[in-house]
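Each structure below is given as structure tokens.
The two complexes that follow have chain A in common; it is paired with chain B in the first and with chain C in the second.
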Partner chain A sequence: MTLTLLSVSTMTSMMSRMMKNKYKEMMLVSSMLMMMPTLYEWQEVDTYFRTDGMADMLMLLTVYLVPLSMMSNWNNMKDMLYYELMLNLGMMLMMNFMCQDMTSFYMYFEASLAPLFMMMGLYGAANRDKAADYMLMYTLFSSLFMLLAMALYEVMLDNTDYEATSMMFLSMELQSMLFMAMFMGMAVKTPLSPVHTWLPVVHSESPLAGSMLLAGVMLKLAMYAMMRLMMPTLTLATLLYTPMMYMLCMMTMMYTSMMTLRQTDLKVMVAYSSMSHMAVCMLGMFSNSMTGLTGSLVLSMAHGFVSPGLFMMVGGMLYDRYHNRLLHYYQGLMTYMPYLSVYFMMLSFCNVGTPLSMNFMGELLSMTGTMDRAPLLGMLASFSVLLSACYQMKLTNRLTGGMKTPYLHLTSDVTYRETFLLLSLMMPTMYLGFFPNWSMDFLWSLTNLMYTMY
Partner chain B sequence: MLLTSNLMFLVYSTLSNSMLMNRLGTMTMMFTFMTYMNSMSMVSLTPGMTMFNNWFKLTTYNLPLTYLMFGMMMMLLLYNTTNVKYNLKSNFYMLLMMSNMMGLMLLPLVNDLLTLYMMMELQSYSLYLLTGLHNKSYNASRASLLYFMMGGMASVMILMGSYYMYNMTGTTNLTDMSLLNDMMNTNNNNNYMNLSMKDYFDMMVMALLFKMGLAPLHRWSMSVYNYAPTYMTAYMSMVAKMSMGCWLYVNSNLFNNYMFMMFFYVSLLMGSYKPLYQMNMKTMLAYSGMLNFGYVLLTMMTYDMSFYVYMMQYVLTHMMLFMGMLSASEYMEKPMTKWSPLLYMHQLRLPNLTLSFMLMLALFSLMGMPPLPGFYAKLYVLTGAMQDNYMLETCLMMVCSVLATYYYSNMMKMLMTSKNDNKMLEVNNINSTNAYMLSMCLMLLLTFFMYLPYLLEGLYIMMM
Partner chain C sequence: MFNYLYFMYEEATLINLGTWLTMGNLDMKYGLLLDSLSLSVMVPVGMVTLCVLFYAMEYMAHDPNRNRFYMMLSVFAMFMTMLVVSENYLMMFMGWEFVGVVSYLLMSFWNTRVTAMKSALSAMLLNRMGDTFFVMCLGTLMMNFNALDFETMELMAPHMNTNLLNFMAVMLLVAATAKSAQLGLHAWLLSAMEGPTPVSSLLHAATMVCSGVFVLVRSWYMLEYTPSMLMVMLWLGGLTTMVSGLMAVVTNDMKRVMALSTMSQLSMMMLAMGVSSYELAMYHLYCHAFFKALLFMSAGSMMHSVMSETQDMRKYGGLMDYLPYSYTTMLMASLSLMAMPGLTGYYSKDMMMESLYGSYTMTGYMMYYMATTSATLTAMYSLRVMYLTFYNNPNNNKYTYGLVHENVNMAMPMFMLTMYSMFMGYARDNVTFHMAMGMPYTNSLMETEYTLTSLYKLLPLMLGLSLSMLLVYMYEYTYKMMKSPMYNYLNQRMYFDQLLNNLVMRPTLVLGGYLNHYVDNGLLKVLGSTGMYKLLNYMPVLLMFNLMMMFM
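Right after this comes the complex of A and B.
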């Protein structure tokens, strides 16, 4: 599989070099082709490619987002290398969800840092050096602990396969140790509160497609790793550390929501808001109930649609037109960019978790799961809905409402490309909000993750 | 064979030009390597074989590394067979190189304290001379002198250690000593003598590590590497360490781990922390070499095959970096000196994007990005260390490797800026031979994960 994808990427790079004027189109097509292996396998053997619904869902999200993020940078990037990096990044993320082994997971997890680092260092905004360093340092340092855990697995079990390790029953001490080591990697990637500082910087400085993929897919890697690497194998430790995780999630949620209210940079606001949503996902993940787990994954997916959409809007459409990201400059977009405003409002409402959006389903289920597990903390956690409504409404109000400011000149409304992009993100959100069954039917294998006594 | 060719070269060097000499020398080396490959057939001799009245011992433990060393030297020396912009050629280069190589190749095989001293001096003296080969350069002579002084000091320590050892045991042979050691271990009542034998070995280990330039005794080596011409730095910063490291590894059953442990800790800390405020590429690479050798010390303590894996990655990445630096010298319009044109980090803006990409990949590998060799090497070192319960050491390793990532990433960001630099695209390209060597290294680096399983199988069989 790796070789197939690698050859796709190499061929694309080479062919694009031959036809210089068509490279964007070629990259785009090949990013869509990336989906092929998965789909093909489904038809062929009528099985989920040795994965299950949880992975498939995230894989679909990835292959959906990569072409979209390429298209989002269609006009403002004229560099082949950029698209190559995007393609490779998407490919690595894809393989991350495919692999069935902890060490390979770690490998793709780390390897995806390399293109991101290069992308950020080359095409980032003004503060890109800092952002690239933050990203690299934080993730590398934390994930080295994961590597340590994997080395320990190698020493103890001589195996890091998901299936094989989940068959073993490890002692409590060992589980706790492994859990802590893995958790360090995951906490940074999610990100949870004390170690979240890299994310706003990285999001705000990275080029648009980079931040779209970061928010859309890379944050979900943490969720996925939680499900694959930690919950099946380290069951007891997961239960034992649930209170700690809940406290951390609560802290993250409260803190980031409040921080969002204080921000002035549009992209940083979206970044902070995605942090608080990921914390809700994490709460659902640790609820040890079917509702919570389902909610967590549904919210992951929903967030994977909405957050890139918001990024596209503030980092792409508005930024391309006005070349700044400061909240204070924008006002009264409704008066002369009605379409954009409407899209923005819709996405905002989705992000808050208004009923009939997919986010609503996700948040509702995660919260329910959390309440089951820890009523008091669950109650506190539900404040996050209020808080997210606060910051999102502030953002939307400031942008769309009011009069046009003198800092802005009139520009055209959304173009066809942008409409297409936004609609393609909004449609699944709404559709799955109306009919969430489809996405939940994916998740039939979630019961494996629960720890129940019979 | 090397000896013969050395004599031949002595005659030749008087009457031919340097380029011819270098090319001839490299060819000689290749032939020697082919001959040496034949010694692979002795793998089936399980304990290895001794040569020259038990002075040398060729075992499966030191064989892989000598191959590796040989291959690396050939690749590095090929640089000198090409015409480059800042040409540094000398008639005596190959001559010295040959004698140095004799010392280097024989050192890991040493099985006697006397030959240890002799081989050590053979390779050190030729290295001193090689460093000072370009005596027009003030810095090179300075480096040479400094190297000589420090190396001499370490040699004296080795000599003293061997004297004490001979005084106590009445033999200079290492096999005898290890037998004696075993005997001492079995009868416990005579503990005093055993302890002091290990102490004297500690002295020698310290001297060797001093010679390798590992922290805390590293300051001299940093300045030597910095002052010497770049192509010399590439050579001597790698090979001397490697051969001594291999000897230590092969005979590590004779030593205490304390000394290794101390050097491990300090080298790691120094190697990761010191380059953070360095601008000088050569010094940074020297420190990074020291850091990597810190990891290697850990593998010496654990004594498993992660040593070889780590050595391979070390050789591959550092060779790539140095060769890339040498090739990048072609693009230096304002060289720092003729001897080392590329000296500072800000000079890394290269018009050749492929070259900068290669350097970046090598740096990624040093960072430990999968699927490059650096990652696998680190994984094996970690696993080996965990196996022997070196918990704190592994944690320190991680912290230090992250610290090191910071300066690697600084270099990378400098390399990346060359993308935005469109001027001076129309300059001479690097020599095609060098380009070929570099691309070969790149292929080895990128496909490491494919041939690693086979290598591991082979190593496993050899180490059985």
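Right after this comes the complex of A and C.
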């Protein structure tokens, strides 16, 4: 599979070098072709790469977002390398969701950093070197612990296959050790509170497509890893460490929400908001209940639609027009950019978890799961409903209301390309908010992750 | 056909429209529950929405974005209906949340005005506070009942743990407190008066703010098994109704007086629920919607015709000769609100106050006096509004008065509501009787009817009439500036906005700033990236020192 995807990527690169004027289109088509592996039931043909509903959901999200993020940079990036990096990043992420053993997971996990690093270092904003280093160092350093854990698996069990390891029953001490090591990697990637400092920097400096994929897909890698690497194998440790995780998640949620209130950089605000939402996801993930797990995955998916949308809005549409990301400059967009404001409001309301959006379902179910596990913490976690509204509506209110300031020149409203991009992110969110049963069909195997004692 | 115009009993119907989500043994449906409770609320929702839409067509006729306005009003009607006719808590929450969203959008309709944006934000956030608790309640329900529909709840609730029920009742009560603007989370309703008048009339008087009360009545089976919560509700209602009445007496903004009056009427409903007379609370909701919407519409008609569109009553006066029609409608609405016998308000409001006494409990007595005080205050501030706008000497310039006019298109929907405000109350038993059948059976209605001395029945009326006469007398003959601190305190709405800002909002923002400055960009950088960078940089130097020390 790796070879297949790599050869596709190589072919695309070569062909687009041959036809220089059509390279964007070719990259785009090829990124769309990436969805082919999701179309097939790999279990049936006995291939080693296989998926189940949970992975499928995230894979679909990935293949949905990669073309969109390419299109989001369609006009302001005129470099073939950029699109190649995008394509390869998408592929790495894709394989990350597809592989079935920890070693390959680690490999792809690290490999996906490389294109992102290059993308950020080459095409980022003013502080790009710092941001690229932050991302690389934080993630690489923390995932070294993950590698150690995997090495331990290899030594002890002689195997790192998901399924094979989950068959084993490890001793409590070993589980705890492995859990802590794995958790190091995951906490940075999610990111949870003390080790999150890389994310706002990276988001503010990275080019648009980079932040879209980072927020939309790469943060979900941590969720996915929790679900694949930790919960099936390290069951007892997961249960044992749930209080710790809950405290961390709560801290992250409250802390980032409060801090977002004081941010001035639009992209940083969206970055912090995605952190607090991922913390809610994580709460659901550790709830050891059907509701929580479902909610967590659904919220991951919903956040994967909405957060890139918001990034596109502030980092793409507004940034392309005004070339700054400072909140203070913007005011009264409603008067001369009504469509943009309407889209922005819709996305904001989705982001705060208004019903009939997928985010609402995810949040509600995550919180229910959390309340099931730890009633008091669950209650506190519900305050994310209030806090997320605080920062998000403050931002929206500020941007859409008021008079036009003299510091802004009049520009055109959203273009067709941007409308298409926004609608293609809004529509799944709304549709699945109205009829979420469709996404339920993916998640039938979730119950396997639950640890029940009879 | 008359079913559309007023409530007539029909068999309850449950219509299943489809499934929202099935998960495990949880089944959440899109369903309509058309019983006497939801349908009796649908009457004011439908009729007032209709009237307000007609009214808004004229009121907003010259606004460049009027299409957006009408669209949002219609969307509001849709979600309000969803809230009312839903058959489970989830669908109800969808409606609940969306009426909040639409209220935000409508309040921020004049989006170039910063005050409008601010008040919209305030409304959104305070409502979100309530939503948070509603979400908690949804979670608790899903967790403990594995169901969200009212039928299951009704069957299960008596058998559940009282602590759990208390807990859920608290959460619903907080949610209702936010939505129905009870004391503590009421600040948004007063600033909501920034919005266009049709919005105030429909959302912030007749329908949306009532949804908190509606949700509580829907959950009567929970509340009925949590007597302590009923008492909390009584006190909350009693305090709110009195405080809002006191504030209204000294407020100068016309629409704000009406908002405070809405608040006080809503807490009357709370009081009625507190003594388990849910059907009376619903009946007051049913009647209140009409005359309160009419009151706002009359005020809007006045503001619309006065050039500056000011809301400050001190700028009006003497409009009786200029706006006789608006005067009539407003008088009818005010008298109905004051519970003048023969008009709608009397039949809904007086009954509630009586049943407070008729509950024959200590809290009931206390609440009766609080409610009576509030009713008296209602009479006073209603008459004060009438006096300052219609009877007083003209206080604006001549040119403005030259332009004052009635508007026929706005008058028509107002006529309809006037009819409702006058005659609606005559068919009370039609509404309450069947509703009461499905609700806890309390003797209070009977007892109130046959045991109460007529003094307690007539006390609110007597006090209200005599004191409001006194008020007119004072305004006419002994008027002088009042400079007491109490006046300032109440006129500034008890400094509640300031309290909220200084005790909650600002400290949170400051904390956020500190977190950002000292933790995120301080401690975590020092321990993380910067620290590591420095450590790595200075490591060789340290080593060198070390070596030097070794050899020295």
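Definition applied: the second predicted complex is superposed on the first by the 444 of 454 C-alpha atoms of A that agree within 3 Å, B and C clash if a C-alpha of one lies under 4 Å from a C-alpha of the other, contacts with A are read in each partner's own complex, and residues count from 1 in each chain.
Here is the rule we go by: a contact is a pair of C-beta atoms (placed from the backbone, for glycine too) under 8 Å apart; a residue touches a chain by one contact, two chains touch by 3 or more.
All of these numbers come straight from a predicted model, not from anything done at the bench.
Novice: Between chain B (first) and chain C (second), which does A:Met393 come into contact with in this model arrangement: first, second, both, or neither?
Specialist: Second partner only, chain C.
Novice: Once the shared chain is lined up, is A:Leu408 touching chain B (first), chain C (second), both, or neither of them?
Specialist: neither
Novice: Let me test your reading of the model: by the given contact rule, A:Met367 touches which partner, first (chain B), second (chain C), both or neither?
Specialist: second
Novice: Pick one for A:Met450: touches chain B only (first), chain C only (second), both, or neither.
Specialist: Once the two structures are laid over each other on A, A:Met450 reaches no partner at all.
Novice: Which partner chains sit in contact with A:Met137 here, chain B, chain C, both or neither? Use first/second/both/neither.
Specialist: Both partners.
Novice: Does chain B (first) or chain C (second) touch A:Leu81, or do both, or does neither?
Specialist: It touches chain B, and chain C stays clear.
Novice: I'd like to check the shared interface: which positions of chain A are touched by both chain B and chain C across the two complexes?
Specialist: Comparing the two interfaces on chain A, one with chain B and one with chain C, the shared residues are 137.
Novice: Which stretch or stretches of chain C touch chain A in the complex?
Specialist: It is residues 19-24, 26, 93-94, 97-98, 101, 104-105, 108, 111-112, 114, 116-118, 120-121, 124-125, 128-129, 131-133, 135-136, 138-140, 142-143, 508-509, 511-513, 515-516, 519-520, 524-525, 527-529, 532 of chain C that touch chain A.
Novice: Over in the complex, which chain B residues touch chain A? Could you list them?
Specialist: 360, 364, 367-371, 375, 378-379, 382-383, 386-387, 394-395, 398-399, 401-402, 405-406, 409, 412-413, 416, 419-420
Novice: Which residues of chain A touch chain B in their complex?
Specialist: 81, 103, 106-108, 110-111, 113-114, 117-118, 121-122, 129, 132-133, 136-137, 140-141, 144-145, 147-148, 150-152, 154-155
Novice: What does chain A use to touch chain C in their complex?
Specialist: By the definition above, chain A touches chain C via 134, 137-138, 194-198, 200, 255, 258-263, 290-291, 294, 332, 334-335, 345, 349, 352, 354-356, 360-361, 363-365, 367-368, 370-372, 378-379, 382-383, 385-386, 389-390, 393-394, 397, 400-403, 434-437, 440.
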